[in-house]
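As structure tokens, here come the structures.
Presented sequentially are two complexes of subunit A, the first with subunit B as partner and the second with subunit C.
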Partner chain A sequence: MLKYFLRRLVMLGPVLFLVLVIIFSLARIIPGDPAASLLGPGATNEQIEALRAQLHLDENVVKQFLSYAGGLFVGDMGSSMKTGRPVFDEILSRLPATLELSIVATLMALVIGIPSGVYSAIRANSSFDHVNRTLSLVGVSAPAFLLALILQLIFGIYLGWLPVSGRLSPYLIAEPITGFIILDGIISGNFDVAWSAFLHVLLPASVLAAFLGATVGRFVRTSMLEVLGEDYIRTARAKGLSERLVIFVHALRNSLLPAITIVGLKFAEMLGGAILTETVFAWPGIGRFMFEAIKNRDYPVIQGNTLVFALLFMLTSLIVDLLYGYLDPRIRKRMSR
Partner chain B sequence: MGLKRGFLFLLSLTLLVFGNIVTGQADDRLKTLVVAVNSDPANLEPGTNKAYPIGSEIILNVFDTLVAWTPPAFEEMEGRLAESWTVSPDGKEFTFKLRDGVKFHDGTDFNAEAVKFSFERTKEINPYMKANFGLISSIDVLGPLEVKITLTKAMPVFLSILAQPQAAVVSPAAVKKFGDDFNVNPVGTGPFKFVSYTPDTSVVLEANTDYFRGASKLSRIIFRVIPEASTRRLELENGGIDISQQNGQLYSIPVEDIKAFNKNPDVDVIEVPSQIFRQFEFNNSHPDSPVNDVRVRKAMAYAIDYDGLLNGILGGTASRVYGPLPTNSWAFNPAMKERAFSYDPDKAKQLLAEAGYKPGDLKFKLYSFQGNLWGSICTFLQANFADVGIDVTVAQTEFPIYRNLHTTGQHEIAMDGRQPWYNDPDAHITIGYYSPLADSAMTFRMPEDAELDGLILKAQATVDFEERKELYFQIQEMIMDRVPAAYLFSNKIIVFKRSNVKGLVINSAPPLNEYWSVYKE
Partner chain C sequence: MSAMEDLVYFLRKNPLVMASGSFLLVLLLSVIFAPLLVNYTPIELDITEKLAPPSRDHLLGTDYFGRDVLSRILYGGRFTLAIGIGVVSAAFLVGVVFGTIAGYFGGIVDTIIMRFVDALLSFPALVLAIALAAALGPSLTNAMLAVAITLSPQFARVARSQALSITVKPYVEAAVCVGVSTRGILFHYVLRNGIGPLLVHASLSLGSAILQTASLGFLGLGAQPPLPEWGADVSLNLQFIRESPWVTLAPGVAILLTVLSFNLIGDALVDWFNPRQRKED
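Right, the complex of A and B next:
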């Protein structure tokens, strides 16, 4: 197991390097000059040339690559062409927002998805099952921006229970400790902040959770139905085990395997940021940051973001694989080889 | 889904019980102004800001310039950090007497050295200011409160350039203290002090109680970043923001929002003319295009239903323009109203026939910027041109690529515009029509024209105001003879605000607001 883990960890290096080469070239293959883009329609060539020189864009591409890659080894991801601030700081100030949203959304999805999937499978073709399947179809297929707008209108405007957008009431000031505002509020004993941040995350997390929860529910239902038809379940029942024991001990663990893959992949995807959800809810996450960077051809930001996404994605999938091994002894055995 | 509803229901019950935690502090809210902006306010100081509108607006509120246009008419200049000034008869030397007793937010004194330091720094590090500050040959400190700026050539418009946010004066001590981070720790002399910047979230300012024009009635301004228009609307209706800043409305067609807000007594809609300019233009230096024939250019200008565009597509969110300058420019020649093209498809067809083109003969690709606003205008024009037998396809192109094909003259017809950052006809005329600059930016690509070029240079350097105005009148006539474009409209600056917000003064060039005079009731 440990050997497998270490081998995977070592693999991260070359993969990241490959990602870097690809994104470095891709960013420069897209036509359009960052300096022109940053200065806008009114700019003159003279202004653009001056900015290109200031940003070192007039240098040879190979030289640019070497100086960027060299910087990475000493932990320097360069500076944003737009803001002039270090890319690392820029990412770090937005990543907690994305993580917070992704974690809350995933928890919501699991809390809704797994029980509803299990119950649907046990009571297959009951009216609960039909309603649940219809709702999950809506969850999977509703466009995020539409769902977001509907939730904002219902809970933000008509009922007035939840804030429409943002991460914290603008009238409150959070002392940044970890960057996770809910956690920071609790640590610093500022419960107004924690509470306000919690209320703010609910709507955007619901939008993300609707899709993920519905997907998880459908997967759990299907695999649960499959597992319930297996010989060992019949054996367990024949032994006279209670139905509860059969479902929760024997069936659930096996039926969760496919759901874990989906949750892992979707979680990793969410870490890349949910552009639409972040935009509609004015959520200061990494997705919108990347979107703006691509629009502005902000090369260092595009590169830095991509490297961070790649790293997070690979780490998440490694964790998913390890979880797989933990849940399924057959896989664990194969990993040890 | 059922469980989620239940969860939210429980949660809202809790909220009803503990809800007062988050609300409350009504007094504080009356002194806090929340302004929604549509993008992250990058570059909060004059040395690094490249005319990014949100950052520029924050600069205007944290810093001061030497001079400014006097609201509400914006036709005359007033001193801000400068108490008075004189311009030498040759238009090259500008001497400023500075205001005494002004302090930067960090407690250091504002003086002539600070002016010299700021302008030299901006000239050196800000590529955006290259064209204008590049003309400065020397800055001399004549006394603690007296400074002389000498230019390499006569440039009366320089005063107007000094009124833009990129010419604001920074605290030299703070620049030394923060280094590169001055960018996110701006220190000026303005009505508000910088408190904090949270990327993609907010910028917080607090009132400078020692401000030399008197302290603001507000104690805080919070600029909230809300990129999505529908979210800004919900927040405004809900009281989550006090003002939806103009930049969010500039590139969309906010007609539906205006209609909804007009029915809402809690929300006011402010519409003010701007100097932002939008036109349908020809590549006036194309080697072999049918648009080289002035009859074709005239025909296309007659084919456009200007009022239909304004009232139908733009729903009154823009005003008509008649010639190369917007009607609210001090140099606008009223004769342009008579000379402007009007909608006359029959005349267009007749001109095309005279030029030897049958319906269907002419085919063009209309290049444009991206976005809803431009898309709607392009399809409207496309239909207009189809009515007179000109076949146009629309190519909305991503900006940096569009700029490249435009500045290299690969287009025959295109959509373009100008958003001047300083209040002067020079901002429209010189860069747009001076032929040696044809390839230097997105211009009308005017062919060499000794008469027009000479006049433009003369107007740029003439010091006497009335004489200068007269020269711009002639220039406008001359440009109209050449039909380089069909002038379409000027966007109005549209600001949405809660009705209890008072005292807001909207600035037209640059289209940015100072919140010094604002208060809440």
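Right, the complex of A and C next:
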């Protein structure tokens, strides 16, 4: 297991290197003087000079890259053009909000996606299956910002049930312990805060969960159908096991394994959707930070955020691979060899 | 005419595909004949009529500048369809060229190209598209380019696996023996025989191409005003969502329906070309 883990880490090396090269090159594919065109027509000469210095545009490319990559290892992502504060700190302070949102969304997606996928597979080609498959395609096809707006209108404005922006009611103050406000509220015994934070997360998380849940449901259905056609399922049925036992003990476990992979892969894609969702719901995470950076043409922030999103993606796929190996004895055996 | 019979059978088996196809056809016709269908141009201002609710004059109401929402959607649909086809063609071209080369030549060429593909796939697609579009500068062309780049690695993967399996076929070996040029082999043997899955993937990508470009438009990185682009129009009227939801929702729903139609067709095509799935129906 350890050997597999190490090998997996080593394999990440070249990809991580190329990811850094790509992010580094992004600021240099800009036509003309990158600093001047990044800042737009309204920039003063000092601002342009400052950005040139910050991007190390005056040195040769290899040296530029080395100082960029070297800086990253000590948490130096440059500083925001807008606020002057270090990008790394700004991202770190916003990361918990995004993680909280995406964890809640993932849980919602699993709760919706797995049962609906399983039931769809058991009753393949029934009317439930057709409706479910169509709905899940709607979930993948809907722009995140449209879903967000519709939920805001229905539950926030017309029904008035749920808050439509921010993480917490304005009159409540959360003591930051972990940065996950729901958790912080529970730890500090301040259940008003926890409850309010929970209500605030519901709508934005639903938007993200619609996409992820739809994807998971489709995947679980396919893999369940595949497993149900296997010989050992026929054997289990032939020896007289109840249908419930066959499905929940024999089929479900084997069909959920591949679903883990898809959850991991789509988790990161969902983070991309978080940029749109956080923007609409004024959710103070890194997605909204990215949006503000776009508006302000704050390229160091865009670069830093892009890197963090890529790292999160790579981290989830690493975890998924390890988890998969851990859960599936066939792979576990192969790995320890 | 077995191809025709196949198509008819396919449509009969998939009523939703029929519906999607009809919707896209109607959309195509109405964006082409938009000037005949609406009495306004998408950039015609009428401040006295701003944020008017849907009426006989303006079937979908007007936006903050008094522009007819329906005409903006119809004219914007021209961009949307062009975006879908343009982005997917560009991604197809880039991805297939590199993927086929990687699969055919193998070795170090393969390793370099595929590591690069892996690196591109290590970004959430929308995030990479945002970073690219922000670097290139906000415009519709740049947004399309950015989305095409983020979609191309998947084409490269499919093309590579096709090339890998076709390169070892005896007929390729025979072609090498009789002295067909490498370019000839790549085009006439490898690409031509591997095109099926690539086209299916292309049809699946149309939806995401439109969705991603619209998302960039929504974030202000795509089409710039006064260009009538659906994603940009949603964000433009965001602040009026309470009083005049139709202005914001109409272009959003247009995106949803178009993307959904493309996805329904792509999804059915995947099932169709997957023999295991087909048997089960």
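A few notes on this one:
Basically, the second predicted complex is superposed on the first by the 254 of 337 C-alpha atoms of A that agree within 3 Å, B and C clash if a C-alpha of one lies under 4 Å from a C-alpha of the other, contacts with A are read in each partner's own complex, and residues count from 1 in each chain.
Going forward, a residue touches a chain if its C-beta (ideal position, glycine included) is under 8 Å from a C-beta of that chain, and two chains touch if they have at least 3 such contacts.
All of these numbers come straight from a predicted model, not from anything done at the bench.
In the superposed model, A:L183 lies in contact with neither subunit B nor subunit C.
Look at A:L252: by the touch rule set out above, it reaches neither subunit B nor subunit C.
Of the two partners subunit B and subunit C, more subunit A residues are in touch with B.
Of the two partner chains placed by the overlay, neither subunit B nor subunit C lies in contact with A:I233.
By the touch criterion stated above, A:I302 is placed in contact with subunit C alone, subunit B being left untouched. Of the two partner chains, subunit B is the only one touched by A:S93; subunit C is not. Applying the stated contact rule after C-alpha superposition, one finds that A:I23 touches subunit C and leaves subunit B untouched.
In the superposition on chain A, A:E269 contacts subunit C only, with no contact to subunit B.
Of the two partner chains, both subunit B and subunit C are touched by A:T279.
Of the two partner chains placed by superposition, only subunit C is touched by A:I150; subunit B is not.
Looking at subunit A, you'll find residues 31, 37-38, 138, 149, 152-153, 157, 279-280, 297 touch subunit B in one structure and subunit C in the other.
Subunit B contributes residues 1-4, 7-8, 11-12, 15, 18, 21-22, 25, 28-29, 32, 34, 39-40, 42-43, 48, 50-51, 125, 127-128, 130-131, 180, 183-184, 196, 198-202, 204, 222, 224-228, 230-231, 234-235, 237-238, 240, 369, 398-401, 403-404, 407, 416-421, 431, 437, 439-442 to its touches with subunit A in the complex.
Within the complex formed with subunit C, the residues of subunit A that make contact are 14-15, 18-19, 21-23, 26-27, 29-31, 37-38, 124-125, 134, 137-138, 140-146, 149-150, 152-153, 157, 225, 268-269, 271-273, 275-276, 279-280, 290-291, 294-295, 297, 299, 302-303, 305-306, 309-310, 313-314.
Put simply, subunit C touches subunit A in their complex at residues 16, 115-116, 118-120, 122-128, 130-132, 134-137, 207, 211, 214-215, 218-221, 231, 234-235, 238, 241-242, 245, 248-249, 252-253, 255-256, 259-260, 263-264, 267, 280-281.
For subunit A in complex with subunit B, the residues that touch the partner chain are 31-48, 50-51, 54, 82-85, 90, 93-94, 108, 111-112, 115-116, 131-132, 135-136, 138-139, 149, 152-153, 155-157, 159-167, 169-173, 191-192, 195-196, 199, 202, 206, 209-210, 213-214, 279-282, 284-285, 288-289, 292, 297.
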